[in-house]
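See the structures that follow.
Both complexes shown next keep chain A, but they swap its partner, so chain B is in the first and chain C is in the second.
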Partner chain A sequence: MLQFIIAGLVFGSLYAIAASGLVVTYLSAGILNFSFGATAFFVARLYYDLHTTHRMAIIPAVILSVGLAAPAIGLVLHLALFRYLRLATPVVKIVATVGVAVALPATANLIFGQRPILLAPGIAPRPLRVFRVFHVPVTMDQITVYICVVLMLAVGTVVLRHTDIGLRVRAMVDSPAMTSLSGTSPDRVAAAVWMASTFLAGLIGVVSAPIVGLDSNSFTLLMIAAFAAVIAARLRSLPVAVVVGVAMGIAGSVLQYILPPSSSFTQAVIPSIPFAVTTVFLLWNVARRGRGDDLRANGGVLDRAISYQREHASAPLGWGWAVPVVVVIGPLALVLSGFWVGLVTTGVALAIVFLSYTLLIGEGGMVWLCQATFAGVGALGAAQLATAHGWPLPLAILGAALIAAPMGIVLGLLSIRLGDVHLALVTLTFGLLMENLAFTRQTFTRLGSGVALARPSFAHSDRALAYVGLATFIVLALVIVNVRRSTTGLVLGAVRTSADAARTMGVSVVTSKVLTAGLAAFVAAVGGSFLALSAGAALPSQYSSLIGLVWLAVLVGTGIRSTVGALLAGLTFTLVPGFVQVYLPTWFAPVPTLLFGLGAIVVAKYPEGSLAMQIRQARSIAARLRPHAPVEEAPRPEMVVT
Partner chain B sequence: MTVAVSPSRAGAALEVIGLSVAFGGVVALADVSLSVAPASITGLVGPNGAGKTTAFGVISGLVHPDAGRVVLDGVDVTGAPAHMRARRGLGRTFQHPQVFSGLSVRDHVILGDRVRHHRARMWSDAFLAGGLRRQPADERERVDDLLGLLGISELASRPVDGLPLGTSRLVEIARALATAPSVLLLDEPFSGLSGAETDAVVSALRRAVGERGVALLLVEHDVPTVLALSSTVHVLDFGRLIASGTPAEIRDDARVRAAYLGDALV
Partner chain C sequence: MHKVPKLAVCAVAALVAAACSSSSKTSAPSTTPSTAASASSTTAAPGAGLPNVNQNFAPGAALTASAPGITPTTIKLGYITSETGIAASSFKGGEVGAQARIALQNAQGGIDGRKIELVTADDGTIGPKAAAQQLVDNQGVFGVIDISAFVVAAAPYFQQNSVPVTGVGIDGPEWGQQPYTNMFEFGPPSYTPFDGKFYTYDGVAQFLKSIDVTKLASLAYGISQSAIQSSKSLLEAVAPQGISNCYEDNSVQFGQTAFTTEALAVQKNGCDGTILATVDASDVGFSAALKQAGVTAKQLYYTGYDQGVLDDSNASAALDGDYFVASPDFTNPPPGIQQMLNALHQYAPSVTGIPSLGAYASYEATDVMIEGLEVAGANPTRQSFITNLRGVASYDGHGLFADSPLIFTGFGTPAMFPTQQCLDYAELEHGKFVIVAKNVCGKLVATT
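Right, the complex of A and B next:
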């Protein structure tokens, strides 16, 4: 038992360090940093390259990677991105950090190579020394983690509570503008906080690599697990985050001791513990306080008065652009052949899934991070109904979508009182829970081959399926455009901006949000079914929440409120990697993912996405070239005077 | 939702009975009772932190009271959510105007009108060409009338993003009036307005009271304006109602002078 507790302490300590880094940046910058895990991976990969590949000694390698490179990443991210996000909408904040989370591992793969690393050394010297504590073996790697968490707690507490710097950081929470008026540069304080946070991320990366493995997904999952401690801390209490993080690690380890090790139940339950903890604390917070509000770390009235409100320029493209785009894309499947038609088919299927984001985030303003899960429900449901139960394919797709829609409605109802950041976390948690508890069932995995889904006779070829998919996309896009232009569109616009004002004019926020959630889950499930048709089988691993984050990054880079953007994003997601695979050297492979991440980062500056930005600029140039025509300016951010 | 017909003060459009609210240990409202007669303007004044905005929050359903009741047109709506109170005829504006980003000035008024006259149904809007339907002539007429009344017709097609504070306030008032309320709560409606804009708002409000019988409850720091407009004035101080009466009675009240007015208005 003691052995399990000591092992659990290691994971608990890692959760605690990660949770501390996340809470500090949220408190000081108002940003929940989804790229924390990616930063940890990048620094750990750099350390590996210095120490293992280039044979650098441990101490200089640690100084270069954790001591210099990690804070430098924080500084660069602050200067290039985070300092522009303080007063951005929660959607933009989340999506921009998701973009960094997508781009950083791709950058690491581009610089250091993509070969998988099976054994990564930590900062403890090799051969690894093993000590015995109460007859339990404890490795030097584990002891390093304990030392790190104790040091972090001691230094963090002293700095935040008893130093001038700590006072300035705490002042930033309320109002950077007021901090500025008192003679402190909020920009410098924020830069220091980001450097400290990425230092912590780097430290976690290096000390945990031998324990969790040097793989970007492992680090992202570690970060997401730490979110549970962040939620328990209500996004603000550092001591609670640390205690819950440590407790969670120990609980997981002790459960491993109690439960039968070879049972599939154990294998499903253990990874789900952080997500169960998230759910419990969210429910506890909502029950105790009536709602799960995000911290109002967006500055005070003065901050808003003196800042540009760039996100207000966000607006959907006119429907007129859809026709030429569809006319151009339509013949693609005719012109292309073989491999490329397959990519178009998959891209169109993905575009249908993307429409669910357009509806949910673009129109409803609800930051859900589990649309990939609903796509998975659609794919697995349709495959089960058609293959195992013999339903006709259209009915199977409809049936699966009708299974997903109530799930979306129930999740919408349960999360209706949550703030945007809480909502993002709870939906991500829901997705990961579904992955661990439902998608891993043998009924769906079928020893790794997934559930087969045969194409119908009328859409047997890739080309025919591409056109059926495109027709489905157009119908669903028309429904979304219709919603946007109707009274419901006005209602969603109202709820998106100010739920209180909408309520006090007679709008039922609950009804509008819940119905939007249900409709979006339906659309995602239909898209998921088409993805399964395109692949010939529903593979649960293709619908992971982490893949969903990359999907979101691609879509927001193109335009989260544009149905045309959804189509282009779907095709971009499949055709660009296809192009790289066929025409460029293999080391280019991470470039598309890097570009997708950068696209999401650009949303910080252009919230309407690159497509709308390009089209508006093209319009502006055309207007300038036209003699005596009124010049249409690209929308400029306007000063809001309050 | 629980609504019940309540024995309230005869004919009151809005009645608040024994409202108490505390945030942690801070008492925001303590046993506050007041009423608003139909087709009248009632003022609610008090120094900063007196509890005026909290009172609006409780009346409109955004803040839950620890004790007390809210009665709207004789119906107890204490347990009703904010949107159900609004559908029963309770409108409000906010101290910091809450306009909807991305919507035009005209959209705001249309939305207010449709919430009252044509409730949105997502399924019919999505699947039955809701977005292609032409705007009914009577709706267009009502919307144009309100935009004209508040002097913002020329801004009708402009997105509200970046509008000056005063104009945002006019948009918010137009939107609230579009919902055809029987009781309208106005939180500092003249703050940030120019003289001409204030005149337009006063004219619109008087017309709403005179022609539509709307009862207005007005929170405003511009005390002379409140005293000039209102038939009844209530005064809050540290969460307690310290005086109620006609403007003349309020001017002469010693407690009000001591707590709020000072000697300037005497």
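Right, the complex of A and C next:
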């Protein structure tokens, strides 16, 4: 058993090192960096290219990749993206880093190609030295990771808490304006922080690659598992993150020792450990303190007063734009040929799923990252009801949506007191848990073919299905617009602006949020059913949470608060890759993913999304072109001196 | 889609795990006595009434544009691969194999005088069904060669449009299941259950016995149902050979490369043999972990017999002394395989050494497509392709499948399986593959 505990340190140290990198970044920059894993992968891939492919010696390769390239990436990201995120809303912060997480691996594929890498050497010299500890082999690569964990723990804690630099960095997170009054240049500190953060990510990537494997998916999964330790650390305690990370690794190993390795129970439990840890710590946090608090990383009152604020456009864009868009899109399905109509059909189905994001995040201000899971529940449920139980299709779709809605309500109730970052992590965890435990059942996967979902006779062709989908989209969009204008919508708007103020007015925050969550889950499930109809079968693999992150990135890039934006985002997601596939050469293939990532990054500068930005620009042009009308000035309020 | 999810990746594991066992090369006699499989021609099943169309078409019969993708002078075929996404590393660039086979055919005059053209689509970017639609609707191809991990998602579309599809056939059960009579793979459908049973061969068991394995550990990816099925079927098949199961682990993470815990478990349970249904990177990690733990069990891998291992000195050092299923045998190639290698070297010079799975699978699948076009008549239609190829009880691919002719009759039943399958096995010795066992023939067994 001791041996298994020692063996568990291998993964435990990886979780610990990833978690500590995330915590250090969060403490220093106030942003939970979803692209940490992607940065680690990119630098590790660069190191492999230099050291293995080009046969550079270890030390120069490390200096070039970790010492130079990694901080350079941090500097570029700071200049292009992170410095605009300081006063951004939580969803923008999350989506922008998700955009980087999507764009970086795509860039790596474009630069380095995608051949599988069988063995990625680390910084330990080859041939690898192996030590024995209680008869358990411990390689030099693993020891490197252990050393890095200890170093990060020591340096991170000491620097952040006990040095002047650490004080300035933490002050920056609280309020850049106040910090600048003390003579510190916020921009320089922020740049240094990001360069240090990506340096850490690069170092972690290079030392982890020999153990975790050099592909972007492994790094993403490692980071997601590390989120559990980050949550346990309440996003701010480095020692707790390290300890919990190590404990998770040991727990995995010990469970493999205790449980029968061939049972399907073990198959389900082992990958679910991080998510179970998340749930336990979350509930414990909430029970103990009543709230899952995030850092106040939006700056203080002084920051908001002195910084340039974009005019808050909380009003929707108006119906004037919806009608022409629908009129243009409507005949699309008539005009285009089979392949493109198929893409339009899938795009419309996606648009329905996107409506649930619009409702939940755009209206409700609740950053949920598990809508793809609800779409999956809708799809799998409808397929089971219609195909396995013979229900008529509309009833099956409705039934599946009614299964998803209570799940949304329950999740909403459980997460009501969580801050935005906690909420995002919890919902992501829920989504991944469902994927690992529920979606992998044979009932749903059927050895990979999924369960068929036959189209109704009136919507058999892609074209007809596109129109049925569009009609459903319009109905649901109208429902959302109705919610927006209703009391619930006004309540949600009030809560979005200031939850505390809303509470003092006696507004029922809980009811509004929970109902919104339920409705959003319902809408997502309907969208999922349409995706399954478009594909012909409900394949669990198409509803993964990681895909959901890319969906969110595309939607936010287009416009999270606009129902028309949801439609455009859905069509963009399917048509752009189609266009690239048909008209551009093969090596352009990773480009759509890259573009979606970049689009999400643009959100940092234009939080409303590209659609709103373009409409406002069009409006301002139109206004300038209109003949000049006499401008009436509102009477200036005079200061009355008494 | 853009970020191919984990679960879809499982198909890659299944695919790669079974690639070698499904492209079977046996020296057993043809198992269907009703046909005479000569070395260079095929015959349709008795009663089909078709002439032997491997010769030039009868003079006077005009060539017409008889179907989508067919003109009097050309045949347009489609090819689907995964250029992006998580399966890309296994299949990217595989179309060179298809192109080589087509170039070889065109150099010999094409099919009935028509030249073949190939159009490619990527299912990683736009999804499997959209890729299928792009080829069939947009490009108007006659049939599709689909070498990817996601064929199953496009299968209903192909079936509804009666599009002939050929492939390697191990991403799902559709290759042997009604109503997918339009799908043809170059091997028996190992991932299709028949009355709740899966069919496999006990040749691997015989080989393990021949290298003195008595207690076998079997590991498979937890998210891959097909890899787990492979593992379970194998453990059932080894039992009659006197090999017991000492450790069965079906919770390996996909792509896992750190196996310290598993190595300890193998050691603790006293296993003297291991077999893995995993991709190359996991093979390397597991073998390294066993070596580091000082475990001397004999290790057999379904994957790993490829150039990537030979080209990576660290990987081949980690796998030194291990055994691999080596089919097709590219180390000492029999004539049919040598012909494939010659064609690849001539028309696809980028393929060096042992061809990748994508390259040789696409070559073989294209060969089946060409055969289907030849039996479909002088003016083929999709229906004549499907009906006539489904009537071929024994096809040896002009030597490509000489050891184990393919059976296309009996679709949807275990009659699709030849009664035995012979495979070759290699050992990696100091950076070179050495064939240590040739034509180890296994009987067909049904497992749960």
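Some notes on this structure:
To be clear about the criterion, the second predicted complex is superposed on the first by the 599 of 642 C-alpha atoms of A that agree within 3 Å, B and C clash if a C-alpha of one lies under 4 Å from a C-alpha of the other, contacts with A are read in each partner's own complex, and residues count from 1 in each chain.
The rule is simple: a contact is a pair of C-beta atoms (placed from the backbone, for glycine too) under 8 Å apart; a residue touches a chain by one contact, two chains touch by 3 or more.
Computed from a predicted model, the values in this text were never measured in an experiment.
Shared-chain residue A:136: touches chain C; no touch with chain B.
Once the two complexes are laid over each other on the shared chain, residue contacts for A:468 go to neither chain B nor chain C. When both complexes are overlaid on chain A, the residue A:400 reaches neither chain B nor chain C. In the superposed pair of complexes, A:547 makes contact with chain C only, with no contact to chain B. Contacts of A:118 after superposition: chain C is touched, whereas chain B is not reached.
More residues of chain A lie in contact with C than with the other chain of the pair chain B and chain C.
Once the two complexes are overlaid on the shared chain, A:277 sits clear of chain B and of chain C alike.
When the two complexes are overlaid on their common chain A, residue A:241 makes contact with neither chain B nor chain C. Taken together, the two structures place no residue of chain A in contact with chain B in one case and with chain C in the other.
Only residues 60-62, 64, 81-83, 85-87, 90-92, 94, 96, 98-103, 107, 110-112, 114-116, 118, 120-123, 125-127, 129-133, 159, 161-162, 164-165, 172, 175-176, 179 of chain B touch chain A when the two sit together in their complex. By the touch criterion stated above, chain A contacts chain C in their complex at residues 3-4, 7-8, 10-11, 52, 102, 109, 114-119, 121, 126, 130, 136-137, 139, 210-213, 215, 217-218, 221, 252-253, 256-257, 261-262, 264, 266-267, 270-271, 337-340, 342-343, 346, 435, 439-440, 442, 445-450, 452, 534-537, 539-542, 544, 546-547, 549-550, 574, 577-578, 580-582, 586, 589-590, 592-593, 596. Per the touch definition, chain A reaches chain B in the complex via residues 290, 301, 309, 311-315, 479, 481-491, 493-494, 496-498, 500-509, 511-512, 515-516, 519, 638-642.
Of all residues in chain C, only 1-11, 14, 83-84, 86, 88-90, 92, 120-122, 124-127, 129-131, 133-134, 136-138, 152-153, 155-157, 171-174, 191, 193, 222-223, 225-226, 228-229, 247-251, 253-258, 260-265, 279-281, 284-285, 288-289, 292-294, 308-309, 312, 314-315, 318 touch chain A in the complex they form.
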